[in-house]
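In what follows, chain A forms one complex with chain B and a second complex with chain C.
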Partner chain A sequence: MPEQLSGPTAMNRVQDGVVKYGFIAVTVILFTYFALTEPAFATSSSLFSMLKFTSVTAILGLGVTFTMVVGGLDLSIGSTAGLAVQLAAMTMVFYNLTGVTAVVVVLIGGLAVGLLNAFLIVICKIPDLLATLGVMFVIQGAKLIPVSGQSVSSGMVLRDGSVAPGHFTEGFLKIDRGFVGPVPLPVVIMLALVVLSWFVLSRTTWGRLMYAIGANPEAARLAGVRVGVYHGLAYVISGVFASVGGLILVSRIGQGDVNAGSSSLLEAVAVALVGTSVLGLGKPNAWGTLLGALLVGIVLTGLTMKGFQYYHQDTAKGLVLIVALLFSFTLSRRKVRYTPAT
Partner chain B sequence: MVDPTTTGDAPRPPAAQEHEPPAPVLELDAITKSFGSNEVLKGVTLTLRPGRVTALLGANGAGKSTLIKVLSGVYPDHGGEVRVDGEAVAMESPSHAARHGIQTVHQRIDENIVPGLTVAENLVFEEVVRGEVPKVSSLRRLMPRARQIAATLDLDWPDAVLTKDVFELGIADSQLLLLARALVQRPKVLVLDEPTSTLSASEVDRLFALVRRLCGDGVAVLYVTHRLSEVAELADDLVVLRDGRIRASQERPFDMEAVVRSMLGEGLATQHDLVEQRGSTTAITLHGVRLLRRSDPVDLELRYGEVTGVVGLIGAGKSEMARGIFGADRLRAGTMTLDGEPYAPRHTSEAVRAGVYLVPEDRSAEAMLPGWSLTWTATLPFLRSVSRWSFLQRGKERSVGRTVLEDFGVVATDPDQPVDALSGGNQQKVVVGRWMHAGPRVLLLDEPFRGVDIGARGDISRRAREQAAAGACVVVFSSDVEEIREIADRILVMVEGHLRLDAYTSTVDNDAIVTSMSEVA
Partner chain C sequence: MRNSKVLMAAITGASLLALAACSQGTTTDPTSAESSTSDAGSTTEVTGDAPAPFDGDVRIAIVQQSGQGDYFQQYLNGTRQQAEALGVELDVYDAQGDNATQASQLDQAIASGVDGIVVRHGYPDTLCPGVNAAIEKGIPVVIYDVEIQTCAPDAVQTQQSDADMAGLVLDQMLKDIGSDQKVGYVNVAGIAPLDRRDVVWRAALDANGWEQMFYTGSFTNSTATDTAPMVSSALKSNPDVVAIYAPYDEFTKGTLSALEQNPDIADGIKVYGADISAADIELMAAEGSQWVATGATDPNAIGAAVTRTLFLHMAGELPNGATVDFPPILVTQDFLRENNIKNMDDLRAAEPALNISDVSGADWIPAVTF
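Right after this comes the complex of A and B.
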């Protein structure tokens, strides 16, 4: 490719700069604008609550990031988070077990969904998008069966006429309401998972092999990489991350809402896609996903303070996504390395 | 199928037996075509006469497909002149080519039939596109025309077949459908691009009968192939394309050795001062391994301390052997041993662990990771050695990258440079170098010099010989006899999945190699 050997022109450099820092600049400008025009915006309590509300999206987005790294996409994360919500509620309300048990059950549930996805994709060779689409519907439907489509809440009347014996434990509710110093616990969990994901993806052999599979699975296989193992692992990680997001969600709402989590799929996919654009990396990455989630959080919080109603939110999210995609697909000279296999 | 020395007596179409050759229907004069700075056709001059089958032969990358695309109007910006019936014409688009009476049946069937439509709709597709048949029309109204087209080829397709989804036709019938579609335009020139690559033996016979009948009707056929047996059976004339030029043209009876010679290149006579190494210890044995669907089992022994060159034309089973030994594909039949122990890799990772490495044939599709740096590409197979408890040690990694870069003289600014920005030769040095850096037991190089400049080719050859001298078993697979002679101590010739020759390089001359390669199955 001769144009690459001849070195970038001044125009190219400007373009690269825009791609690399443009998105961060947009974030900073929006933040400054909201902070200057809405005094309440930049207070620490408002910022922490913004981060707290961003945490579920960001954690789900991290799961999506792993699956995007291997060249796929996990469409089942929203319903896996919803499954987590219901498993936690059922464990505590129906079976009157402890909060810790609920956490363990939820994580096992997420692991099981991840393994199911991995089985369908790696062993049964169903394309990623289609397999996880199917799993999404199955989970969404199957979790309604044991509760006859009802949301699970403390004190509800069961099918046999008795009252549900248990309730959400105090400790469990602390997952969302607790603090570490001044920082809300969900924010701490989110940051810990971002750092963990970044470390796994860019500092371990696992992450390197996952990127190899995403870049060219056949070349990876012919370099002796166990493609199936790491492809599947990405989905297992995604399932577990989705269940962690679900834990925070159910702790926040305090009941087993049957609709919980269903709206988070598109948001999580969007922030992970936004994440491929920031820093001009052109590939899915953990810090990018966090920045994407923060930007969506800033925009939504700012708009709410400006008096926009909830029904403007989806439009705003969509615009953020499109702007981000303009950065990576239209402005970038580097080819974006994300094309999900169908 | 047919021995080339006897085919002169095979039944010929009447036109071939006339003494005065008929006036040419199509003349190509000094056709050139470049892609950027890459000149693919360097002045091709070719004449096709009515009623004759002209075979166009050439190795991979000779320019065959480019020439076909010029003929079918895909590349209007070519140099030189195309004359039909003596008159210069401009091939501006595929429909221009069709108007001048040139029809092409391309190799890729799936790109040329429209799935989801019926057989009948596919048969009349050209007319639908040209607006000669109303676009919104019932199948019933198309049927008479479709029957007519099917009849031009004597396809005994009842209406039940014509109303089937075209998807349900087999490959052979799809091919016939495309042929019928081309023939209904009453072409003067028919270009067939490797039409038999997916056909069974009886289907091939049927196709050949059809081609002979067309010749009898005065159609000029350009038959593109790399199978010598088909040329021997069907063609009246042949031309060999190599490196963008016609290197040989012959009339029946053909001299197949000369054909192979001109397909492979002129440098065959040159001798290299290769100091032959002969190994004594067996590395890998193959027992009863079947490489192709219809080939005999092969028994073979590959030894440490020497470079084995496996030479054969496309479709000889070379890649099948390389990929089978590496565990990339299952062998059809047979067993292998490595160092005397049974060896049956179920996955490439098992081969890599055993020290058996492969540089695959198609570098960009099978070895390059887009956007990856030189270091990352070099360390990918051996991440274990640059990590501790799965944590990457970046210093170690970079030093491996740097070593591969320096040992091989890769022309790159630094080890973090993206590999896809390098030239083909330098990319290949990285891909070969990463395996050599690890000290292979068995190193399989499948077409290692394709798209590689002469300097890099020399470097890779030299390093491969050094590996063998140090005790490795190096196997090079190539369709280029000269390349093989340049690098190999021992030469194996493969023809259509059969092992035809196994000898040390110094004991065998080029004639013997070419003769064994040109023996028609």
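Right after this comes the complex of A and C.
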């Protein structure tokens, strides 16, 4: 394409503008459209509940973002969130321990899954997608072994006929149901993790090295980067973030729901992918992931208020993803930095 | 190259606009696809004036744990048609089986400022905070089939009467086989409606002197297929049972296929089931079928009756904490064969009681019948 060598033309500039601001424009247009046509949409309580609804997807999406940055993809996040749900329920209901203990146990669980992924990928050299796929199935099944496949709830009858000694503590349930001022606590957690992720990825050497590894691991290695360490670190972060998402889920459900988290994987991957197109960056980034999650939240809330059924909404979610990918892959003149390793 | 990319941008923008335009059209068109299913209902005559708030614009929401599958689609069809019949706008929140989503959607329904909410299925621990928050805000809530009495006592409770469903069928079983017989049982513990049927079963065992020779069953993603081999083994070790009670139609199907695999044992064993669907009717009425009786409700009619219950509650004609049960009917194999019933429409025509249009009725509510 020789014309690109002679500087940007007017057409190029229009195109760049579309790529850079198109996604944000779509979000703003949809938001405005729903706000104007559905009076209940833009009320503060409705917006806060939408943000709350979005928080788990966004947090899991941030974990995925880290793994996409290093050129991989963590398929085990949904199971890890589900594991967190079981661990929290068991700690409190079976062992009658405090909510704080449950939080610690859950975070250690997420860390352990992250380390397992890192071990399989970095040490055993199994491709990212395949290793995390295997771990996904293992965790999905293993988390149900100690509970015999049953949902753990306060006051449940155990196999020996006795009643479970513990229950979900008030404090633990506040993780999802509490507020900081008018803002629901999970929204605060989500925003804190977005800022943290943005800071690590964009403002620290770690983050820059992670992007470098994702762009060209061989070049990074030759430049003296300890590729394995940073590659593994991304999965550890992903595992911990997934367990934080699981904490919010289990406190929202109020019992150890065996199915919790299973539907989160694809949505989290989708919002992280949508996020690559924000501001035309063409690479996974924290704010993009947040915006992707918000757009999905806006579309789902708006369509529900307009009376659409769940299958329309799934279709709409897919279209959002495709439109976002059109912005970053088809329209962008910049080379896209994310291609998943297999 | 550049031009084609600009064209792509134009197409993308245009298709987004088209998408937005479509959504506007569908909401204002009451004859959209959802309401024109084969289970279209008609309505009863209205003689009274609608009380407040139904003299103005009313919007309600249903927050359902899952909407997938025939049963739930019919249920929602009933809800939708009953809402339309009174000119009420209905928002549908469907968690697709995800409990955390259901909790969030209940929050969203409350935040969207609806005038009344139906909550259908789900966990009490998950739903109680939202239900109580709604009631505190003055939004009437009707629950369907969630054991929520203790933590949200002000919500109106509704359920299909599983006790009646089991009772009707077991009375028929007693008539058919008499007391002091050897019987088999296919069920699992831990699922609310099945547990309610279990209570009636155990009472019937005691009262009728029936001896339970086996108790088996498996509740999975493919219940009928997984239950069949279990019943088959149980039959082999207990070939002398004269009747089997399998109080959920997937269990009944599994039991029937176990009998088919053991033709030497199966002869003369009567099967008593629960629930009804077009497929169930076909199985029961088939030549040589051993499924002789079932308890039945029509999900369309229940979906409509739940909505009427909410209307009554919103109008102040039903107090906080009230309980409404939706009665089932007994359907026997003989009845199906005599009336040549092939599907749900035939059954509704032969048994108008399935419509339960008198449950939660009022002279100002046009009750939908199917």
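In this section, the second predicted complex is superposed on the first by the 336 of 342 C-alpha atoms of A that agree within 3 Å, B and C clash if a C-alpha of one lies under 4 Å from a C-alpha of the other, contacts with A are read in each partner's own complex, and residues count from 1 in each chain.
By our rule, contacts are C-beta pairs under 8 Å (C-beta built on N, C-alpha and C of every residue); 3 or more make two chains touch, one makes a residue touch a chain.
If you're wondering where the values come from, they're calculated on a predicted model, not measured in any experiment.
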Room on chain A for both chain B and chain C (clash or fit): fit
First, second, both or neither for A:A223, with chain B first and chain C second: first
Touching partner for A:T169 - first (chain B), second (chain C), both, neither: neither
First, second, both or neither for A:L331, with chain B first and chain C second: second
Partner chain in contact with A:T205 - chain B first, chain C second, else both or neither: first
Of chain B and chain C, the chain that contacts the larger number of chain A residues: C
For chain A as apex, the angle formed with chain B and chain C - C-alpha centres, to the nearest 10 degrees: 130
Contacts of A:G307 with chain B and chain C, given as first, second, both or neither: second
First (chain B), second (chain C), both or neither touched by A:A215: first
Chain B versus chain C as contact partner of A:Q15, first or second or both or neither: second
Which of chain B and chain C A:T101 touches, first, second, both or neither: neither
Smallest distance from any CA atom of chain C to any CA atom of chain B, in Å, after fitting: 17
Chain C-contacting residues of chain A that also contact chain B: 1
Contact footprint of chain A on chain C as seen in their complex: 1-3, 5-6, 8-9, 12, 16, 19-20, 23-24, 26-27, 34, 67-68, 89-94, 96-101, 103-105, 107-108, 110-113, 123, 125-126, 128-129, 190
Of chain B, residues touching chain A in the complex: 36-37, 326, 328, 347-349, 351-353, 358, 360, 365-372, 376, 380-381, 383-384, 387, 390-392, 420-421
Touching residues on chain A, where the partner in the complex is chain C: 1, 3, 9, 11-12, 14-15, 18, 22, 26, 29-30, 33, 37, 40-41, 43, 45-46, 48-50, 52-53, 56, 150-151, 153-154, 168, 176-177, 249, 252-255, 257, 259-260, 262-263, 301, 303-310, 316, 319, 323, 326-327, 330-331
Chain B contact footprint on chain A (complex, rising order): 1-2, 4-5, 203-206, 208-209, 212, 215-216, 218-226, 282-283, 334-335, 337
